[in-house]
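Please go over the structures that come below.
Two complexes follow with chain A in common, the first pairing it with chain B and the second with chain C.
And then the complex of A and B:
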């Protein structure tokens, strides 16, 4: 089932250059999609178009079988959550607790359930001790944790992460990944769109979309994308570690047959 | 000259219920000409620490010496902080807040102008620095608020480079940069470092520490738990400091465990590793 369908999406900030230039893709329910691409390729703009923060061209975006337009915007936003690139753009509450509560209120969650939900999601991102702090007085990684907790708590059907974990420590990244996996188990229809520069993350998702100057230059599963090295040269992205390693080995005349994992590669090298 | 922290404590919101001691008795030395990485878990005090380097935050207790400037509460030399800021350039974690001028080129030129460079000359410097960080000419007259996240980061870096600081302090400067931009900017810092600029670099990316750092400071809950060189750090189990093992180191460890006789001292990059593997297999 397609939760979101994007069809020939075009956008220009200045009415001259299209920074999103004829983009089409769809988000199947339950899929984890990564969008990668050079700085300024249009990733955040697409994210803002998807939630109606910027106005898309007519009939270009459909979500949950509704056209994205002024009439349906509210209903769609109830089901699509976004974590912005800069967490400060996210905060509305004066404390971490208020901030998470705000999203829940928007979804008309009964007040007597709120505390439990807030505690549950603050715990998931390790921020229980910070509930009474002002978001602006947190460290960079703590801000990102709070922004993520706020969105997870709303239990949306689609979550868009716009570089939402870029400042987390490795443990924090792992915890967020685990929380998302858990939510996907509970709700197999939950779809994730992750805009990221983290290649290890991107290439472990179900589908990778490569964006270049506002156009999609590849949209496929990771294995297939990795077979088209030309894409990487042009689009400012890079290969994940394992593939870089394999390429260098191959240049040195060492061909590896079983390249499933780093461990396998090492085994073969030591044989 | 170097940088010296002597028993530095820093407390946020003192005398309020939200009082938070973010630095606890930090003493350390950062050597001139080093590429020093600062690592540690979320909230351990990295950003608080580096903000002491140009007097943006003043130690609650203790003192910081930077290039001959003495920073301590009540010390007279605090007046001279304006001069210090020419020598110590800081790119903040959320560097988009560093941008404020109408156009990108004016934003980058602001620093030099502020320190007495004529406008025309400053704009010339700005253009050079923008080119260095990969911002195309068509952007120079754009507003710094109407560009992408990674582009803002690049402009903020250009703004600090334009000051030609002796000490370059960078708080997660590559977060938000695309992979190619990251590699390019890192190599740029490395080059500046070779030419004598001291680099202080906060990061969660342990692979950067592996490939670029000459020194590393590990923090935990407001304290410095280790100041060492990368080789020594990675010879230990780094997970005890909530750090990860760099991917190259991980590969080396796997190969060593399987009995491959690598000369570890030769390996500083993936290219080196592959060369070593090829040599051993011959």
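And then the complex of A and C:
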């Protein structure tokens, strides 16, 4: 079932250069889509257009059988959540508890139900012990998990991660990735759109969209995308180290399976 | 810079923390009025001021604000204290007649010193009272409290909710922006900018190199925060439910009456012309002290019982 349909999406900040230029794709229920591309390729702009923070051209975005316009904006936002890049700039409440409650207040959830919802979703992202902590006392990864809990508590059908792990240290990245994996396991119908620079993260998704200068240059599953390394060179995206290494080995006449771990590849080479 | 105390919420479950935010705002304003009332003599000003200082210090202790934080919050006052002393010494009050000492050709009057001390005491008490409010009230509760007071203004289309939300977000972002300032200062220092030494003109230039990136960053933050709030369904015009519901308890009634009594007491006191030599002053002074001590003891007992429970 298609939840979001994007058709010939065009957007320009200055009405001269199109930052997003004729982009079309669809988001199906339960799908995990990654959008990759170099800086300025229009990835984050697409995220903002999908949530209605920027105004898209007419009839270009249809979500849940509704046109994305001022009239339907509220209804669509109730079903689409977004986690932004900077964990500090999306923490509205003075404590974790208050921050998760912020979205619930906007959704007019009755007061007596809020505590249960807050506890349930804080537990899902392993933040139950931090409910009364202030943002200054949390790490970047923890703040991002709070943002995820805040979005999950609003029970969305689609979550957009706009470079949500790019400002985090390796531990924070791992924590957020684990939370995403757990989310998908618990709710197989939840659709995820991940805008990322991290190709390892992108290749764990169901579909990868490669953007270049606002245009889609590739839209396929990760395995097929990886078979065309030229796409990455053209679009200025760096291949993951393992794939780069395997390509070099292949050029030297050494063929090793791509699904091996890095340690196994090293072992194979030593042999 | 990261551990600035003023405006920071101190999570704890004290009697003051549990008070209704609306009542705390009323108490703050009432106590500030009481602190700023003028008394006919310097003696009574300092006795009442001293009693207030003890009272406010006790409240700070109950709120679990550390002594270190109290001193840190007063650091900003040094500049004002020096300016005040200079102004009062060179432009003494009109009634100044008692010379304390002479600095060259300039006479320093007792009245000028007392006048400066009076203003400093008021400023210190004002800062500490505000600190009690911010340390014991979550910014969101403060928002609700302020919004409640501004509600009647909604009739004349005053954006009460927006103003209250803006104040709450400003309070929430104080520590974040201080961290940012610290980071920019370190980054600029590593590029050779000296914020501490040199001529005033070069220090001003150094401050500009701090302020411009800080403003740019603050604008970016506010834009991202607005996007995030909007994406989470926030609409200032729309109806919202509330996670924190303000409740006026019996404790609140008690403190409301006590603060009301303190404020009216100081107003009455300001109309009586007595000093330390006036016999009738002593019972009044004792009464004030006894009231404060009874209050502190009761609050302490309540707090201890609650903590045990």
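One rule holds in what follows: the second predicted complex is superposed on the first by the 227 of 271 C-alpha atoms of A that agree within 3 Å, B and C clash if a C-alpha of one lies under 4 Å from a C-alpha of the other, contacts with A are read in each partner's own complex, and residues count from 1 in each chain.
Heads up, the rule we're going with is that a contact is a pair of C-beta atoms (placed from the backbone, for glycine too) under 8 Å apart; a residue touches a chain by one contact, two chains touch by 3 or more.
It should be emphasised that the depicted structure is a prediction, and the values quoted were computed from it without experimental measurement.
A.B. asks: After lining up the shared chain so the two structures overlap, which partner does A:40 touch, if you call chain B first and chain C second: first, second, both or neither?
C.D. replies: It touches chain B, and chain C stays clear.
A.B. asks: Touching A:238, do we find chain B (first), chain C (second), both, or neither?
C.D. replies: First partner only, chain B.
A.B. asks: Please indicate which partner A:182 is in contact with in the superposed arrangement: first for chain B, second for chain C, both, or neither.
C.D. replies: Neither partner.
A.B. asks: Of the two partner chains, chain B (first) and chain C (second), which one does A:254 touch, if any: first, second, both, or neither?
C.D. replies: first
A.B. asks: Report for A:88: first if it touches chain B alone, second if chain C alone, otherwise both or neither.
C.D. replies: A:88 contacts both chain B and chain C.
A.B. asks: Would you check which partner chain A:105 touches, where first means chain B only, second means chain C only, and both and neither mean what they say?
C.D. replies: Touch status of A:105: second partner only.
A.B. asks: Does chain B (first) or chain C (second) touch A:123, or do both, or does neither?
C.D. replies: neither
A.B. asks: Taking the superposition on A as described, I'd like to know which of chain B and chain C A:48 touches: first, second, both or neither.
C.D. replies: A:48: touches chain C, not chain B.
A.B. asks: First (chain B), second (chain C), both or neither: which does A:154 touch?
C.D. replies: second
A.B. asks: Do chain B and chain C land on any of the same chain A residues, and which?
C.D. replies: Shared contact residues on chain A (touching chain B in one complex, chain C in the other): 86, 88, 132, 134.
A.B. asks: Name, in rising order, each residue of chain A that touches chain B in their complex.
C.D. replies: Touching chain B: residues 13, 37-40, 43-44, 85-86, 88, 132-134, 137-142, 145, 163, 166-172, 197, 199, 236-238, 241, 244-245, 248-249, 251-254, 262-263, 266-267, 269-270 of chain A.
A.B. asks: Write out the stretch or stretches of chain C touching chain A in their complex.
C.D. replies: 2, 9, 11, 138-140, 169, 171-172, 175-176, 179, 220-221, 224-225, 227-235, 238-245
A.B. asks: Chain C touches which residues of chain A in the complex?
C.D. replies: Residue list for chain A touching chain C: 48, 51, 53, 74, 77-78, 81-82, 84, 86, 88-95, 97-98, 101-111, 114, 132, 134-136, 150-151, 154.
A.B. asks: For chain B, which residues count as touching chain A in their complex?
C.D. replies: 12-13, 18, 40-43, 47, 93-94, 96, 146-151, 154, 171-172, 175-183, 204, 206, 242-244, 247, 250-251, 254-255, 258-260, 270-271, 273-275, 277-278, 281
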